[in-house]
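Labels run A, B, C and D following the written order; every chain starts at residue 1.
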Amino acid sequence: MIEESMIEAANATLEADLDADYAGLGARLARRGVDIEKLTARAMSFGVAIPSWGTGTGGTRFARFPGAGEPRGIMDKLDDCGVIHQLTGATPRVSLHIPWDKAEPALLLEKAEQVGLGFDAMNSNTFQDQPDQPKSYKFGSLSHTDALTRSQAIEHNLECIEIGEAIGSKALTVWIGDGSNFPGQTSLSRQFERYLDSMKAIYSGLPDDWHIFSEHKIYEPAFYSTVVQDWGTSLMTAQELGPKAQCLVDLGHHAPNVNIEMIVSRLIRAGKLGGFHFNDSKYGDDDLDSGTIEPFRLFLVFNELVELEDTPGLDLAHMIDQSHNVTDPIESLIVSACEIQRAYVQASLVDREALESYREVNDALMAAATLRAGFRTDVEPILAMARLRAGAAIDPVACYRRSGYRARVAEKRPKVTGSGGGIV
Amino acid sequence: MIEESMIEAANATLEADLDADYAGLGARLARRGVDIEKLTARAMSFGVAIPSWGTGTGGTRFARFPGAGEPRGIMDKLDDCGVIHQLTGATPRVSLHIPWDKAEPALLLEKAEQVGLGFDAMNSNTFQDQPDQPKSYKFGSLSHTDALTRSQAIEHNLECIEIGEAIGSKALTVWIGDGSNFPGQTSLSRQFERYLDSMKAIYSGLPDDWHIFSEHKIYEPAFYSTVVQDWGTSLMTAQELGPKAQCLVDLGHHAPNVNIEMIVSRLIRAGKLGGFHFNDSKYGDDDLDSGTIEPFRLFLVFNELVELEDTPGLDLAHMIDQSHNVTDPIESLIVSACEIQRAYVQASLVDREALESYREVNDALMAAATLRAGFRTDVEPILAMARLRAGAAIDPVACYRRSGYRARVAEKRPKVTGSGGGIV
Amino acid sequence: MIEESMIEAANATLEADLDADYAGLGARLARRGVDIEKLTARAMSFGVAIPSWGTGTGGTRFARFPGAGEPRGIMDKLDDCGVIHQLTGATPRVSLHIPWDKAEPALLLEKAEQVGLGFDAMNSNTFQDQPDQPKSYKFGSLSHTDALTRSQAIEHNLECIEIGEAIGSKALTVWIGDGSNFPGQTSLSRQFERYLDSMKAIYSGLPDDWHIFSEHKIYEPAFYSTVVQDWGTSLMTAQELGPKAQCLVDLGHHAPNVNIEMIVSRLIRAGKLGGFHFNDSKYGDDDLDSGTIEPFRLFLVFNELVELEDTPGLDLAHMIDQSHNVTDPIESLIVSACEIQRAYVQASLVDREALESYREVNDALMAAATLRAGFRTDVEPILAMARLRAGAAIDPVACYRRSGYRARVAEKRPKVTGSGGGIV
Amino acid sequence: MIEESMIEAANATLEADLDADYAGLGARLARRGVDIEKLTARAMSFGVAIPSWGTGTGGTRFARFPGAGEPRGIMDKLDDCGVIHQLTGATPRVSLHIPWDKAEPALLLEKAEQVGLGFDAMNSNTFQDQPDQPKSYKFGSLSHTDALTRSQAIEHNLECIEIGEAIGSKALTVWIGDGSNFPGQTSLSRQFERYLDSMKAIYSGLPDDWHIFSEHKIYEPAFYSTVVQDWGTSLMTAQELGPKAQCLVDLGHHAPNVNIEMIVSRLIRAGKLGGFHFNDSKYGDDDLDSGTIEPFRLFLVFNELVELEDTPGLDLAHMIDQSHNVTDPIESLIVSACEIQRAYVQASLVDREALESYREVNDALMAAATLRAGFRTDVEPILAMARLRAGAAIDPVACYRRSGYRARVAEKRPKVTGSGGGIV
């Protein structure tokens, strides 16, 4: 962790400018009838979970280029996540991936408390074969033609729930890579039936106060068909399972050009939106840093969430899910958490009364301009003030770099050499 | 109509070669355990409806280039449809579009009988303003913010049902262009609520033995959001309305790369697949001739339909929906009907027992090869024999051209000049 | 035109707030080492041309819904363009489309002077048939198989140059819809040869101080192949023609996911970038208002232009090319000009020295953050101050609405009824 | 290798049926004026190279699921390639990847001769870090900001040429993953300059009778920009380098919806088409088996090649480049070689005289139908006869399975366990 005094010292040099900027923005917002303090309070109340696996350097099928101080296991990952939350004040929970993060629950809880974090949704893994695994997932897991393979995958998910219960998690996210690479390889209909049957078995093992999230993805690792390929199939799944089942939307898992904010709106209407995996992308499931490719798209998602925030029963699990291939993962997670929070605050300052009045009379131009006015507002002073008040860093990346954290852990954590082979 | 004797004469010159080809194919299929006569019987039983509007030359927002003998109204269109069915034996019904095809029901029935056709699903039109229309659809119809505009659109749909009842139709297809062109222009959620309310009003006016088809489209004419943008929203709509509501899949209304056969499979599973609008496309909703751009994709759709053809309650409305910009529309509809029938026959000769056994053991290569073997088979002799036996033409386009039909109607039907302006 | 006093009165009510905002922004920028006055000067020097046809309500192949006061011809359009420039100070030139805008050159010049505008690139039209045209463009124009049709299209382009010379234009933009709707319909190679031959004939008629712009488009109105389908073919064309030939980039004419700013960079490197057609889009060539769908993309284009602005010989023709289907076209053009100017100013305030130093050491995170810092800055006070200083309106849309211009012209210009038919 | 007698025995059981099918097809083709023997001769003359790396099981960033008998190194790979050629008679050459396939040239030549193969283009690898490599390619190779890293990458390419010269190769294929993951991360223009400079250094080391192929790819492993992102940049590169530089088209490296056959046509026109990497795909660079997703697209590529085959100087390098994740790679390569050959033969039997006459008069319907008639023809008997006459297998997959080759090598080659980890 980083010394509190370090953060305080870093903040001290920036506080005067921040105060001036915050006051200036407050005055401008007041002129638009917006109370900056309410926005700052909203920013402070916002949190997004960190995926444990996001703290390691990611890669592609071609190669992986590790950085210095790669985490050796879940305890290192929790350390890194603790630093991210310390500096941003916006990432209070960590999402674990089993078996990657398997450890004694007591030790997990102890470590989490030490670094000031809680546990978010559990993630199962049936898209890889583990060394000692009796049945291979090469041709599928929950939807495999072989009943024993399906059972193994179901058992694994039940184990994830068990671990989750021990550490205070309240949800299981199920994402599978099952599908096919050739037209004809599988029966699209029967494969889906098998998936539903397996999911029902997992659902029946779900504690009463838990949710199960079905996550869709259009392609990859399967390249012709994927069992849960879009939100329509995800919705059918959640409907079939029951009230504890909901849909999780990963921003990068859609066909080109798809309007994601409409999916958000529809799933809320169906009472089935459970949460998000945030990231950004340009081509496929690029898993790039949130808000770096198409920031307006992220804003439009939050625009729906804010517009519909009073929907009864809406209680979303926000999580980042990215692959950091060319940056220090801690830095990317810091920036991403801030960008997500930024979109939330920007969406929060939209003049919704004006917006609705323009919509009512089909004044498309002014309705759109009203929305863009929210996006255009530079809310950085609000985010920075929220961090300062929470004891986090005004400029978290600069503070992180000055702290020397990466160099320090690189001394303890062994260097990973080579480019991880790559698969091609 | 074309003289029967003309068709017979044309067939006479081709029959010997057809017999030889049919016998040769029969022998090769027999070796694979397939009875050619069963396939021919299937081909003969297959029918796809013609859209009345498809008989006129289509265009783009840039221009329209009419051909000779453009139909002047629904009676001319029915003449043209009659010729198509006469030559193909595969297009026994016509689908009307109101108000374009409005006419005395008695006259419609008389004309239809005369040209040997029945009536398929009715199509409403609330994406254009008619000259005398009180309320404009510029900003929407069934989902408009204005209640009177919605009422007008509902009334129009009820009138379509009324006309349909008088001529023996049993279904109403609802496709609307409602949506928005700017982020913020409409409330995505409330616009959908208004759409659902309007659809419920129409549904309540639906006769007991009718179906209502909800048709989705990702974009165009709305360019930022569309109310019924994908099959997920279409499914939600059909679920909300009730058992008489089903989803219609237009092959050209999807995001790039989307696996359409999966959607077909999912909607069948949900008990909500109602039918198709067939066409082909490369970029957007290109409305090109069926089977001319990606014939394997058309085959894969029929592969699902044949695999699941015994699903209880499955009774599909097959229709063509294309825009013929550079061909004689009659010729394009003839060829398209044949291509759709071809895909159906190819899907019907797949060795499904072998396919399933390969799938069961995850022999992806042989499963895929088994499916492709169906697609690769040149079933033209089967299609031609089905036509011959039905009194249609072995080579329908050649026969049509020799008949001089287009020149004949061009004498009666006035020439359309200019390029239809274009809209840009 | 709008009374100067009206604009002044409107500005008077906003000036105090603007001064405060401008001073505040200036102070914040100064802290980052940026001189706000230099940015304001850049904003004032920036201009983008208006397409004459953009002043009328656009539509789709399904319908067109005209608004009140549609311009009756080029003189009305010039009036509308004059108002746009009056209010924004950012649209000093108009681009004409022949034959739509054909008129006596002397009258055009007189009107232009009266409304304070000059003439930008000329646009030819060989994608529509005019009523009296001997040869049809149904199957192509400059690339048609028929030599006489090609000659007709060449002559039309030469006439556009002639008109352009008379009114002080210095460039001809050639966009053709030629292509095909079916695989096999045309020889892709020979069609391109015919196009090149025709372009050479036009090029040989180009005055020495003119440019000819080749504009590519992936599809529409042709739906299988388009002769100038992408920037590669556009580049080959410009290379083949000679030094006066350059490529024009329309932001909406690309395949999904394509990185447009890379194309900009490559064409500059090849010495062949001639200019832009600005608009925005989500799905296809949606022709939506600039900066309303993906504002960051527009910024990234300008980022390249600013980074490479000192490239010898770079002299770009900036033009808007949009279709306004649900707004008052004047308002959309006002907002779009401002959004384009905004992107230019945001790109201008990027700290390029810091950016380069981060790039040099592959500090991807800070390089990206440095670029985003420019985009995130709300430069509205700079744009508004540039307008104020140029005698234009601080809030141009509000001022336009208050002026009653639309109602006034609607009294003179006849109402257009019906929805323009639509083509489907 | 497989015993000749085994192949002969397998063929013996199929020969009578093949003779009958071949005679039947010959008669049908003769009726269309096509000499089947000429097609068979063309089929026999056709060859496509095998990528050495294609003989191992591929994977994704999520996982890799190896099969039995994975090749241990280049000698095993050459054995596998030998079997593929033995059974298909259509894959006479192997393409090596350095450093993966590094070995004593003399040993490579000896092994190649033993298995009846030659060597195709060499492939360099600067998208991965090798264990002992001084400079990392994490941030680029030929276009890296660091001169020493660029030198290292240039040296590696020169070494590939050196190895290639020793084994009789005549071409170097350069594909790099260089690009960026964030807007702003790199200067798009300067990165390209550095790439061109590096390529010039390699070009200057190219023997006189060699070619260098520039291969473009829209994205992956870089997810925001890629230096050689499309054929336009590839063409600029080849033009800048000189006459020995050509462009290589990988079927899976394009934006969605792009018309690849147009690119083929354009590059031939520019005198810069060098060859292909064949595969198939649905979503991204899926690297699926050739001809299994969109067989008509493959046919359309060959349609261009056959139409333009008499272009002076056209001499193409055909290669497969696929990732085999769920099949036995040997089987996938066998089937793919046959599918590519199939497309070539189908394109060869198109009635080009009729096609041209229809095109000349813009008979789009019959031109398209003429092309489809080639695609629809089931040329399997021609392919099988070509194989039989070349001493290969009538049914290569069946013969391969019966041979027990995989089981045999699996005894010698150690089992690979786990799922290769995956990278995520």
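We take it that a contact is a pair of C-beta atoms (placed from the backbone, for glycine too) under 8 Å apart; a residue touches a chain by one contact, two chains touch by 3 or more.
The chain lineup, named per UniProt: A, B, C, D = L-rhamnose catabolism isomerase.
Predicted, not measured: the structure shown is a model, and the values here were computed from it.
Chains that touch both subunit A and subunit C are the following: B, D.
For the interfaces A-D and B-D, the C-beta contact count is higher for A-D. The chain with its Cα centroid farthest from the Cα centroid of subunit B is A.
The geometric centre of subunit B is 39 Å away from that of subunit D, both derived from CA atoms.
Across the assembly, subunit C contributes 138-139, 180-183, 185, 218-219, 224, 256-257, 259, 282-283, 289, 292-293, 296, 326, 362, 364-365, 368-369, 372 as residues in contact with two or more other chains. Looking at the complex, you find that subunit C touches subunit B at residues 53, 58-65, 127-131, 136-139, 177, 180-183, 185, 218-221, 223-224, 256, 281-284, 286-289, 292-293, 323, 325-326, 417-424. By the touch criterion stated above, subunit A contacts subunit C in their complex at residues 17, 20-21, 24, 27-28, 31, 256-257, 259, 282-283, 289, 292-297, 326-328, 331-332, 335, 362, 364-366, 368-369, 372, 375-378, 380, 397.
Touching subunit D in their complex are the following residues of subunit C: 138-139, 145, 180-189, 192-193, 218-219, 224-225, 229-233, 235-236, 254-259, 261-263, 265-266, 268-270, 296, 300, 303-304, 307-308, 355-356, 359-362, 364-365, 367-372.
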